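Right, one structure below, let's go through it.
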């Protein structure tokens, strides 16, 4: 058995999410990702079940494992007690550890996940910040959200949910530094920092340099669409 | 045998009837105890039986005709079993004490309660019915929606309450696939305009000529078989249902609107006598047999035998054969006992 | 068509949530939601007002409580081990600093995340040992498992509203009589641990019970159980948000087709509350299809009916779908001398 298969089978998420699969399709039937992408959670389960190292690596390099929206609609009805969403959690971490995530367009989006959810947590103790929900990135929130965004502080006070208070249990509060230190210590000790670092490193390896990673990041910040960044290979093909 | 010995058969379905008929033909006194008003068991509900569409009534009539001198007690249940083989005493709900040298338990099965699969909406949606209810409609030649309309699109969902750890039934109920094929053909015969879909995971048509029945359903009756298990059903205001499943052969999620959804409900153990008879159960909650290969009619207690679906899902023909096989095992047991011989019960060596 | 809430088995797998009239129902520790704090802060605002002022609950929360980190977990930047220790830290702070045994969260993903960790610790002593040890080493804190009515668990804020629904309905100034409503339950409330769900995951009672208490008529539609499409990395990055918009479109088309007269969708998940509303704007812009179905969470609805101001208290000024037609239908007054823009823009 291959090394990655072994590693996958050690993952508790995989152990809890994967019993033998009946291939009945109950999961795919109600999967929101299957409705919009070329994706079937049943197929993912099947590929894992083959325990074929090459097939697994191909899966880890593909967009497929990143389509799942983690809604767990697949989970409550599986007649074998499997959870494809849980298996996806294991596959994604494996893909990140080995840098395979950077091979796919959807996988490369992990850089934003790391720099938004991950770094927010380390800086503020929250996965999302009020300043992340910009009208530019969330145009669907509409014109009243634009107004709110311009008057964020006053609006929150008006609603009775003042933000960024210190030493308060309030909304969007400033978490005391001693608590933040505990949080960071937990992130370090449990391997989350290592996982986040693997994302930066994987991106650097794929894009060629730290500078290119920053270009990719800036492209996303400025245009809200990472597809505006051209990979070296794609650039050469254009020529 | 010098003295006539009495055998009590509990349960008057196909297995119990077949066993009683066989036992009395061996010259034994037989008492058949049936809790319903009539013998026949689930057969009394069925229209026709696969694979050859024999009317269920015909099977019951034949089995009844073989009963000979059997004493049949209907509307009767067993409330106590005392003593040990070959001197059992059975107490019935009417207070009678019946001596028995051997006992056959042929108490059958119960249908899976489809309400447990909440996602299919049985008991909630108007036009979600079970295979049991469909048979009643077929019998009257009146397949209708609750709104009284002739259904155009009909789906049969396989494996309802079977092979499903979510309802704690990991086993296959065996007969539902072939029954679904048979039902689909019967619907098509009564409603030639209808479109019929079978939503299956595996087709398990295991018996002699069953495969031919399956093939006929496709070739002659145009039944559509879709390889994907039903995930959920939802109701539209007109009473029709939206079904969601994956067509696993193309790996695409699908929606199908139907006028009538038929749930192929599986079998669950009926072990009402487990405590009274002090019999252990298997992990599927059916009665445990002494050995899965060569002592399938023997229970874990000497002199108490098992037949039919009491020991797991079976087709009608299998239940009849199993009843007769139990009768032979009982005769062999009694002959050895009568000769004062050590009974050669198959045991785990 | 029957009202599809006649399912018979849910009562057999019910957790007990104490009301404010019961022991253990008057003091609660609570955890805020990252998503609500950043994308819909007013919903926690109105929930706090109701829980404190109308139900008289002693709500306890520490400045040092952090996010459960589950957006990072389902967004693949943290690990299970991280989630366990963060959860244990938040529980420990609640118990040893605030003296609370029963906890709830405003976020369904936190609810699922905490439930997952508690169940893992119950099932696997090794994981529990790992968590307690790592918690001690990294923070010096002691391990503790929260309990609701003696059962190791946490609940969701909507569970508290459900448990106290009759008390809330008795205080309500307005009724939902004549209003048709449907629920949309957060996937992470219902689908990961169906046994922890009021009513089970197929026909949940948690919001329907609240709606019924307020007098609404419940409707159902084929795509009710379909996810709203929030989908973590799918809603977070604009380039993936076609996933979200198409899920909302699928749901709302099905609702419109089934019950064109449905007046509102009630949610208990932060993501659904925001995206089921917001994507109606996108759909209108892109496809020219207007659904105009108000979407709100359980606290916003309860606030409206208790007589709180629709805008200042319940925050309906930040929504895409206008709330005024529904307010008129229920008979809730608001300042009609102002234009819709003026009502929504206080500064």
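For reference, chains read A, B and C in written order, and residue numbers begin at 1 within each chain.
By our rule, a contact is a pair of C-beta atoms (placed from the backbone, for glycine too) under 8 Å apart; a residue touches a chain by one contact, two chains touch by 3 or more.
Computed from a predicted model, the values in this text were never measured in an experiment.
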Most remote chain, CA-based centroid, reference being subunit A: B
Core chain by centroid distance, with centroids computed from Cα atoms only: C
Winner on C-beta contact pairs when A-C is weighed against A-B: A-C
Chain centre separation in whole Å, for subunit C relative to subunit B (CA means): 46
CA centroid of subunit A to CA centroid of subunit C, Å: 22
Subunit A-subunit B separation of Cα centroids, rounded to whole Å: 50
Of all residues in subunit B, the ones touching two or more other chains: 119, 232
Two or more partner chains touched - positions in subunit A: 30, 35, 76
Touching two or more other chains - residue numbers and ranges from subunit C: 225
Residue ranges of subunit A in contact with subunit C within the complex: 12-13, 30, 32-33, 35-37, 66, 69-73, 75-76, 89, 92-93, 96, 106, 109-110, 112-114, 116-118, 121, 125-130, 132-133, 137-142, 144-145, 147-148, 151, 154-156, 158-161, 163, 166-169, 171-173, 175-176, 178-180, 182-183, 185-192, 195-196, 199, 220, 224-227
Complex interface listing, subunit B residues touching subunit A: 119, 159, 163-166, 201, 227-232, 244-248, 251-254
Residue numbers on subunit B that touch subunit C, as the complex places them: 115-116, 118-119, 121, 123-126, 232, 234-237, 239, 242
Residues of subunit C that touch subunit A when the two form their complex: 32, 34-35, 37-39, 41-42, 44-45, 49, 61-67, 69-82, 84-86, 89, 112, 127, 134-135, 137-139, 141, 187-188, 190-192, 194, 201, 225-227, 229-234, 236-243, 245-247, 250, 274-275, 278-279, 281-282, 312-313, 315, 317-320, 344-347
Contact footprint of subunit B on subunit A as seen in their complex: 22-31, 34-35, 40, 42-43, 76-81
